[in-house]
Structure formats: structure tokens, C-alpha cells
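Down below are the structures I want you to see.
Two complexes, one shared chain (chain A), two partners (chain B, chain C).
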Partner chain A sequence: MRSKHRMNVLIFVVLIHFILVSLLFTVVAFSATEEEVSSKQIFDLQQIVDEAQPGDTLVLAEGNYLGPVVINKVLHIQGSNQVLLTNDSPEAAIMIQAEGVVVEGFNIRQNYVNESAAIVVTADEVGLKDLNIQTKGYGILLRDADRGTVLHNSISWLRTKNIKTGEKGNGIDLYNSHNNTIEQNKIQNMRDGIYLENSRQLKILNNQLMGSRYGIHCMYIDGSEIIGNLGEYNITGAMIMGVRDVLVSNNSFLKQSKNVNAQGILLYSVQNSVIEQNIVEGNRVGIYIESSQENQIRENSILRNFIGIQFVHAESNKIHDNDFVSNVIEAEATDSDANEIEQNYWDSAQGLDLNKDGISEIPYAINPFYQELISKTPAFQLFFQSTGMTFLSSMYTNNQESWTKDSSPLMKMSIDSISKPPPSSTEKGNISETTFMLLITSTLLITSVAIIFYSGVSKS
Partner chain B sequence: MKKWSMAFALMLGIFLLVGCGQKKYTPQAINEDVDVCVICNMQVKDDAFATQIVTKDGKNLKFDDIGCMNEWKQKNGVDHIGMDYVRDYNDKEWIQFSKATYVYDSSFRTPMAYGIISFKVKKSAEDFVHEQGTGQILSADELSNHTWQQSKDMMDMHMEEGMDGDMHEDMNMDHNGTN
Partner chain C sequence: MADMLQVASREIKMGFRNPWAYSFLILFSVFSLSLLLVNSQNEVSGYSGVTGSMLSLILYVLPLMTLFLGSFSLTAEKEEGSWQLLSTYPLGTMSFLIGKYAGLSVVLLTIVSFGYGLMGLITIIIGKTFAATTFLLFLAFSIGLVLLFLSIALFVGSLSKNRWQALTISVMIWFFAVIGWSSILIAVLGLLPYLWIKPVLVFFTFLNPAELVRLFVVIKLGGGSVLGPEYYKWVNWIHQPSGSLVFIGLCLVWIGLSLTIVYWIWERGRSRG
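Showing the complex of A and B:
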């Protein structure tokens, strides 16, 4: 009787197990078929474009299309998830040469290896929206193309993973293209996520940039705005070079630490720009500033970096109302005078606030002892925060007037940034990681219960 | 047989030792994973635009653009330079700065927009100019009189010739703020 009951339980458990495992596989298989667009018919997109009249809206039927396509009249091309444009030729999959073209909502696969691009735009006021681009070269190139919109696209690298970043192409690449808006794009594993050169008045908003060389790389883009972007696991989050009057605000650059030259934000030869309310967390260097003058760096959260902020030949910048928390070295300066550093919060500073205005009456000078020591002998990093190191640092007062100094440090953090969880990027392609783990753990649990129940020691 | 190889090894050893005795400034290969430009901090790509200075105390300084190397020389002088190298545009071979032939045009795209390309022999430089239909051939000496203007400024000057009026404001600012 008892053994029969056990048998039933075992069968039940095994069945449950099978159901769960098969469920798991159907989920995976389902998402795989979604990826592979039905391969029955292959359309010639160029022919469809040629037959259309200027001003037409083309709605592409589901299926596979072949590139390259040249669009030289005003068209609005709409696709769907089930439309795939493949291109094996060295030309771009789509070349847009007419003003006002809009292309949106389908998949593009650029298979040609090397200096090719999925989309090349050489006309003004072009819109590229909701495209899912996989490329073995570049993603989207804009050349002499003004006032365009690149919105909500996804661009990722298609070739093998173990390739040097230098051999890849850029995700979105602008040259001599002014007044463009690049918004809500998701770019992964490219050379530079967004590369901007010789273009003015750009708006780079709310993009996600992962695993590339530089998340955003700007050369000579005066008067542009870089707002609300997220960069993770790049060599450098934002590389901002040779610009004036640029606004960099509300961006998050996290976990840029894998490379020996990694930074959250790097400013080189930047003038008269504002860097505000960004979060730089867990990078090798949080903010690196070289040969830059007259910039405002304010209200940023600089958290858990190896070096919080580093100045090299940077003068007359204003650094105020930033939070420096849990950085190994808070600030480091070489040949950088006349920077105004005031009213920042330093978690390691000991302040004294007599008149209760939230500002310490004693300045905070950053002791360079540890930094100078490890720059000569890097192995001494082993002694970080050891009692001996703390003691020696406190003994060290050499040349104190030249230390980097905050004249009036804040007593409390100005921004409540710690409690705010950083935007996460864990969502995976097919099934979410949590569902996957849940399925695995539940099957394991059921199996183990069954084993204990069935073969466990019983007293009878 | 064994004797011979011993002798050969010995010879090689002596050869190497003798080699070490002389001061030689050899260029290092570019490692894209770790090499950044000493001046502008950008990753040095293993391409024909990379340049290199070997200092007298044996340090290899790498640059992503010959313009950055020029900037380093302006800042630090040339007294400490053991040897300076540029690369041939066609086969990326390291060549001495003083022996190379250069081609400049503001439309050539180089990493820091200085628009200068280097060649091992003058003939290939001439071929390149012919191919591109533009470009000014310069020797290393002539390069010292070069303006070292980045094409950012050049572009704005083109604009001056007749484009949107609202661009003029940018242009004026650029002229003050060259790096």
C-alpha cells in the first residue's frame, strides 16, 4: 500500500518535471521562430521603391527582402517585426538620398564584412525609427545630412565576439551633419556607440550604450546636448573632445572599469560647457578632465570609482555641489590651477558646521599621500585603508597649500542618489533571466523532494 | 651537430649582448587594448595614422595622429627624443619622421582631424595625390612651417564662403578656441 502511494507520487513528480522542461523549451523555440522570419518568398525592395510615386507610403508585406536599396525620392517605408531586409553587397543595405524620407519598423541585416553600413543617409530631414539593425560593419551613417531624427532603433554587432573593438564599425556615425536628434536607441558591442564629428547643435537623448569602445564619442560638436543616456561596460562612457558650449546632463555612466584606460566621462579640450546631474559609478576614473577651461561641473554623483575626478592641465573650471562617495582616490590634479572647487560633499571629509548652514567652516584638502605612493609603486595598493597607511597619510603634510582643496565642503549629500537604483540592463533577449532561473530552481526543488521522499530513510 | 648548435647559440648570445650595448630606438608595435594617445587620450588604432616617439631614456610614446605628436614636441621640446616614427600609409611600416614624405589636405580624415598622411617614398605620395585629386606634398622640413590646423576650423571657413547665416556665430567662436 505504502509503496504504491510512493510510486504514484514519483510518477506525479516526474510528470511535473517533464511539463516544466518542455515548457522551457517551447519558450525558447517560440522566440527562435519569431527571430527567423518565414523564408518563403524573397522580394526585391529596389523594384518596389522604383515603382512607388514620390510621397507614397509603402507598407511592406511580411517576408524577406534583399538589399541594397537606393531611395532617391520622398517615401515613407513602413515594415513590421516580420520584415527582414538582408544585404550581402558592399553597398549599404539602404541608401537614402532624398530629403524627407522616413524608414521605420523592420529588421535589417548587413552581412558584408568591413567598412560597409546598414544605412547611409546623405539627405536632410530623414527619419529612421524602430529599426532593428544587425551589422558586420557600421550601423547608421549620416553624411552632410541635417535635421534628421534617429529614434528608437536597436543596433548590434553580428560577427564573432572575439574581435578587437577597433575592427568593428560605429553604431551611429555622424559627419558634417547638423541639428540631428538621436534618441532612445540601444547600441551594443560596436566600436563607438555614437560617433559624432564636425556636426553642430545635436541632441543625443536617452540612448543606451553597452559594451562598446566609447559609448558616445564627440569630436567638434559645438552647441550640442547629451542628456539622459546610459552607458555600461564600455571602455569610456562619454568621450567628449574639442567642443564648446555642450550640455552633458542626467546621464549615467556605470561600470567602465575593465580596461586600463577606462573612464566614465572624459573631457579633452572642452570649453564653456556644463556637466551636470550625471551619475558616474564604479568606473576606473569617474570624470577625467584634460586641457579644458571654463566648464561647470555640478550636482553630479561620483560614486565608487577608483579615482573620482582627475584634472590634467585643466584650469578655471568650477566644480560644485557634487557628491563624492566611496571613491578610492577622490580627486587628483596635475598642473591644474585656479579651479574653483566648493560646496561638494566628500564622504571622507570631517567638517564642522558652526552656523548650521549645512556648509563646513573648515576646508577639506585631499591628502595626496596614497595617490603619490601608488603612482610610484603600484603594489602598495595592497595597503589601501590599512592602519599603517592611514597613520602615514595623517603624518604627511608636505606642500599642503598645493593640495586639491574644497574651500567649503557640504555636510550632507546634496542629491539623494544612493537610494535611487541605477537603471538596470539585465533584460536578456529571449526569456528573462529571472524566469529562467525560476524554472530551473523549481525543477531542481521538485526533483530533490522526490528523491528524499522516495529513497529517504523511513523508520517503518 | 650538437656542438654546432651550441656554437650558434653562443654566437647569437654574443650578438644580442653586443646589440644591447648600442643605443637603439626601436618602435614598438601598437597594442590597441592598452595604448592611448599621450596627448588626446584616445585609443591608438593600429593603423597608418599612428605615430611614435622613442625617448632617450627608452620610453615609447604613442600618438593616434601626427598632429598629436607635433603637439607633444611643442610642449616638451625635442631634446629628449631618441627617434620619432611615422607609418607608411600603404603598408604601415614604421619610418623615421625625417625621412618620410607627407601629404596634407583638410579633406583627409585622420583621427584628430589634422589631415596629414605619411609615406615611405615620394612616389607613392604623388600617386596618392593623383588618386585623390587633391593634396599638398610636404617634406619633414616643410612640415615645421605647417599651420597644423584641424579640419574643424577649415570646415568653418568653407561655411563662411556662403552658407546659413546662423553658422557664423559658431565660426567666430571656433577661431578663438583651437586646441
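Showing the complex of A and C:
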């Protein structure tokens, strides 16, 4: 009997060991592929450009080219995967000063460490396509350049990783450049993925923005459209400031949760804009709205954030038909009155639908206790969702009329948020994980049953 | 060592003949299952509403269960006279206590692993996503809670004369650590100068195993940023792999210290008869 007990103890120790070892194996390894262009003949691109006639199409031969190059006449420059333009000087690798220039399809490496850029455009109707840019400064700068197209480029950071995001350059940076289209670019590890300032009527479509400070950062870009972009692991997905009449729709901002100031979408001083059909998932704060009025926030899926939506001094906005699912805290509001919050789905709301119209007759009020507490003493954030805190908040029903509330919460989700998997760039194999889980859980169950049986049930 | 194992194996046997153990096993399994089914639409991974509410449930149930089973086991020794008998044998108090601790840990951890095993299997059967890392983190969280609260339970058991006393003190400690904690701290710390609040709060957090383990898991689940800029350094530090080791070390120190206090109380009782 004694040896049996020893066996049980042994099994248990082995089990714990197994769990510890398997924990170690769950580290996800990132593999990066780098395309190296082999050392071939080095050409002087400036000379080639100078020799070309306006209107020419230059097809670059495979090999290495040296920058900087100034393009001051209409040219169409075409490269390939095997073309690499390197620039070690403080000027931009390519400076485009003539209208209608098109540059497409090759690699650019901007080696100068500073406020330099790979491409600077100061002319209208320029097209930049299929470029693969690695930079130690900025990526693409547009200055006073209208009606351009920046399509399908890839921009990433070239220097050591241990640099603060604030000291890097922006991926695509616009100033006073109107009516531009920025589409399908992939930008990684920069300061701001796409930075837009003082530019009107822009179209920012289907870009991918990863690991930067702000995915999209815009100020004063009235009348622009931000549609279909994907942001992951940035500090803030989209930071939208000081704008009117902007449309932000069908974007996905996921996993912006590492930083203490992280948000999916941040709206600051935004008026008359529409934020619709976005997915914000797994962020610290899903949608953060400060000092903004008269906006429509509708049909968004706000999933699994620590805080779903947060209002600070935001008034007269309409928030309707959004789905709030599995957020740790669904909504927080400070000094934000007169927002119309109605017909959203809140998964933790206790609704009651008497007339079967799918809308609850009981309003859903948001308890402000925790928010008020930590705004006075931030140190108490340590109590976020602690059992004692939930208990204390539930006892606090003071002044309930002034709480932010959804007057008519939906009984069911308005959009089928759950079945629509968010487009994530990091897909993991699920099958092996299931097998792994099966192994752990069955081991746990069998071991515990064996211990109970041998020591408790069986007679000795 | 042999004495210790003897005590531990006796404890395990007694533990599984105790109907309390099974009622807690059923309670824990049923609760965790129902919670899982309530949230059955959502995938369980990272820090979200689902994992947040599961954390709360575990924080309610496990400490109470541990305090009851642990303290009753010690008072039973006194009430039923078996300690009087045992103390006439050449059995060291430390071997006795550590044996007790080890035996009770096996009983409690068996209950926990049964609950988790069942919950995990059912998640797989109903085809729900439960990230393996999250699952293991929850398991580790529960083990930590049980082991820390068990040392408090032994403390309660050695202070109380009988089960009734143990029950009262256990409930008191449970309420204080799990439910009343933030209310009391907010009230008391409000009286202090503003700059003292954070250091004093951090200090008290180290004293409460429920809070300590909860915060560790929240941070490991990736929810550290909700604690705000005040705790930025802590969060980063715990997030590193070495953070886990330090945390385990901290738990061991915690358990070691409280067992020493229990030893001291018990030894005093022994020498005075």
C-alpha cells in the first residue's frame, strides 16, 4: 500500500514536470525572410535618369544601384526583385520633383541614420508601386504633392530593434498633400505607419500596419476615408485627431494591448465623422473618444478588449448597433453627457424583451464607480476587476440617473461578430493545440481519478 | 523523512474519506463547467471578459475550500485526540506539519486537477477554443492559490480549538482577503497622504495571496496594461520569463514563513501540553 502511495506521488511529480516543460515549448518563433540581392555590377541611377528623355520608360537591369537620385522630368521607372537601390547620403534615395512620375517594383535601402527618407515626393500625380523599402529614417514623404498613388509597397525598419519607436521615422508621411490614395501597403516597426497632416480628401485603403507606434496617425485631414485597414500590435491602431467628415469603416484593429496607453481606435477632437463596421479586438481600450462631438459610431464589433469603449469629455455622439462581447469592462465614461447610446448589444446586460421586438425594455447602465475612483487615485488601478472591487461597485448605486446608459439594448448581436473571424496575420495551427490540450486534460483527469481511487476508495 | 511521508499518506487517505473533499470537488467542477457554458460563444484566450469572470470564480471558491479543508484537518487532530497520541511518539513537529501540508496539497490539487481535466475535456468535446497557454496559466494560478491559502489554513487550524472556531476564522479571513480587501484598503488608504498610497498598497498586496496571485495571472494573460502607468515597471518585469521564477520564489518564501509561524505556535502548544 505504501509503495502505491509513493507511485502516486511520483506520478504527480512527473505530471507537474510535464506541464512545466510544455510551457517552455509554447514560445512562438518568428522567422524572417530576407531577400538579398547578390553583389552584381553597381550602376549610377542618376546618370541613367539624366540620359533619359521625358516620357521614357526605363526598365532597370538586374543589379545594384546607388542613390541619391533626383527625378525632375516625367519618367516611368520599372525595376524588378533583383534591383536594389542603396543610398548612404543624407538626401533621399529618390527625390521626385516632376509631375506624373511613376516608380515601381524594386528594392530600396536607405542607410543614412537620421531624418532622411527613402523617397521624397514634391510633385503631383506621382505613382509609387510595388516598392520594397527598408529604411533607417523615414519611408515615403509626400510634401505639397496632390493626386498621387502609393500602392502595394512594403516599408520596414532597418536598424537595431532596441530603439524607441519615437526615435524612428514614419512609414508614409503626408503634409499638405491632398487627394492622394494610399492603398495595400504593408508597414512594419516604424514610428507611425501612416502619418497624415493637413491633407484633405485622402483615401487610405486596405493597408497593413504592424508593430509601430500608431498604425494610422492623422491630423486635420477633413473629408478623408480610412477603409479596410488592418492594424496589429501597434501602441494605438488609428489615432484620429482634429478632423471633420471622416469615414473610418471596415478596419480591423487587433491586439493593441501591450502599452499602458494602447487603444484600437482613438478619436480626439473629431466632429461629424462616421466610424462604422470596424472590428476592434483584444486591445487595451477598443474605441477611445475624447473631446469629440456629433459622430456616428455604429455597427462595430468590439470584442475581448480590456475596456470596450471609453468616453472622456465626449458629447452628442450617436452610438448604436455595436456589439460588445467579452470585454472585461464594456464601457467607461467621464464627463460625457448627452451621448445617444441605443440599440447596442452588450453580452453582460440583463435584458427583458416584453414585446418581442428584439430590444430590451430595461436600459443598461454603466457603473462609473471604478472610473471615478481611479481618476482620483490612479494607484487604485491595481484593483481592476478584482473580486472585492466588483463587490464594491455593485453596492454603489449613487446618482444612477446620471450614469451613461444604453436606453434600449439589443437582445441579440446585430452583426454576427463571432462567426466572422478577424483577418489576422499570425495564424497558428489549431490541430496540434487541440491534441496538446487533449493530452493535458486527459492526463489531469486520469491522474486525479487514480489518486482518488487508490487512496480514498480502495480498502487497505 | 519517513515520518513525513507517513503523515502525508495518512493525510491523503483521510482526505479522500472526507465527504467535504467530494462536495468541494463537485462544487468546483459544476461551477467551472457552468461558467464555461455560459460563455460558450467565446473563445477562451488572453485577458477578456470570459477569463476575467473565470478568475473571479476561482478566487471565490478555491481559497474558501482550501481554508476549510486545511484548518479542519488540523483541528480534527486536536479534537479527536490523535495529536495527543502522536505527540507521545518520537515524531518531530516539523515533520508532522510538513507531512500534513504535503498530504493536504495532494488532496486539494487532485480536486483542482479533476475540475480542470473535466472542464478541458468538455471544451474539446463541444469544440470550443481554449488556448493551451491560458489553460495552463489558470491551472498554475489555482495551484498557487491553493498552496498559499493552505499555509494560512494550517495557521488557522493551529490557532483554533475546534472546527467551529476554525470555520469562523476561515470565513473571516476569506471575506477579508477576497471580498472586503479593496473596500477596506480604499477606506484606509484614503486617510494617508497621497504619495504614500501606492507604496503602502503594493506592500499590502504582497500580504494578500489572493491579490498577489490574481495580479500575476492578469499580467501573464497580457492584461498588465490595464493597471496603468503607475505599475508599468512591475508589469514589464513580471512579463519576462524570470518574472515567473521570482514569483515562484516569492510564493515559497510566503509558504515557508507562514509554516514557520505555524510551527512555532504548534511547538508552544506541545511543550505546554
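FYI, the second predicted complex is superposed on the first by the 365 of 460 C-alpha atoms of A that agree within 3 Å, B and C clash if a C-alpha of one lies under 4 Å from a C-alpha of the other, contacts with A are read in each partner's own complex, and residues count from 1 in each chain.
Definition applied: contacts are C-beta pairs under 8 Å (C-beta built on N, C-alpha and C of every residue); 3 or more make two chains touch, one makes a residue touch a chain.
Here the structure is a predicted model, which means the values were calculated and not measured.
Novice: Counting only touches as set out at the top, which of chain B and chain C does A:R200 meet: first, second, both, neither?
Specialist: A:R200 sits against chain B, while chain C stays out of touch.
Novice: Output check: A:L392 vs chain B and chain C. Expected answer is one of first, second, both, neither. What do you get?
Specialist: After superposition on chain A, A:L392 lies in contact with chain C alone.
Novice: Check whether A:T441 is in contact with chain B, with chain C, with both or with neither, and answer first, second, both or neither.
Specialist: Touch partner of A:T441: chain C, not chain B.
Novice: Applying the touch criterion given at the start, work out whether A:E361 contacts chain B, chain C, both or neither, answering first, second, both or neither.
Specialist: neither
Novice: With both structures superposed, pick whichever of chain B and chain C touches the larger number of chain A residues.
Specialist: C
Novice: I'd like to know which partner A:V260 touches here: chain B for first, chain C for second, both or neither.
Specialist: Once the two structures are laid over each other on A, A:V260 reaches both partners.
Novice: In the overlaid three-chain picture, which partner chain does A:M239 touch, first (chain B) or second (chain C), both, or neither?
Specialist: Touch status of A:M239: first partner only.
Novice: I'd like to know which partner A:N176 touches here: chain B for first, chain C for second, both or neither.
Specialist: first
Novice: Just chain B (first), just chain C (second), both, or neither: which does A:I307 touch?
Specialist: After superposition on chain A, A:I307 lies in contact with chain C alone.
Novice: Now for A:G282: first (chain B), second (chain C), both, or neither, which partner does it touch?
Specialist: second
Novice: Which positions of chain A sit in both the chain B and the chain C interface?
Specialist: 259-261
Novice: Report the residues of chain A in contact with chain B in the complex, numbered from low to high.
Specialist: The contact residues of chain A facing chain B are 164-166, 175-176, 197-198, 200, 213, 219-220, 222-223, 235, 239, 241-242, 244-245, 259-261, 266, 268-269, 271, 288, 290-291.
Novice: In the complex formed with chain A, which residues of chain C make contact?
Specialist: 5, 9, 12-13, 15-17, 21, 39, 41-42, 46-50, 52, 55-56, 59-60, 106, 109-111, 113-114, 116-121, 123-124, 129-133, 135-136, 139-140, 178-183, 186, 189-190, 194, 197-198, 201-202, 205, 210-211, 214-215, 218, 222-223, 225-232, 235
Novice: Can you name the residues of chain B that touch chain A in the complex?
Specialist: Touching chain A: residues 32-34, 36, 40-43, 45-46, 109, 112-113, 150-152, 155, 167, 170, 173-174, 177, 179 of chain B.
Novice: Going by the contact rule at the top, pick out the chain A residues touching chain C in the complex.
Specialist: The touching residues are 2, 5-6, 8-9, 12, 15, 19, 22-23, 26, 257-262, 282, 284, 304-307, 325-328, 347-348, 373-374, 377-392, 418, 430, 433-434, 436-438, 440-449, 451-452, 455-457, 460.
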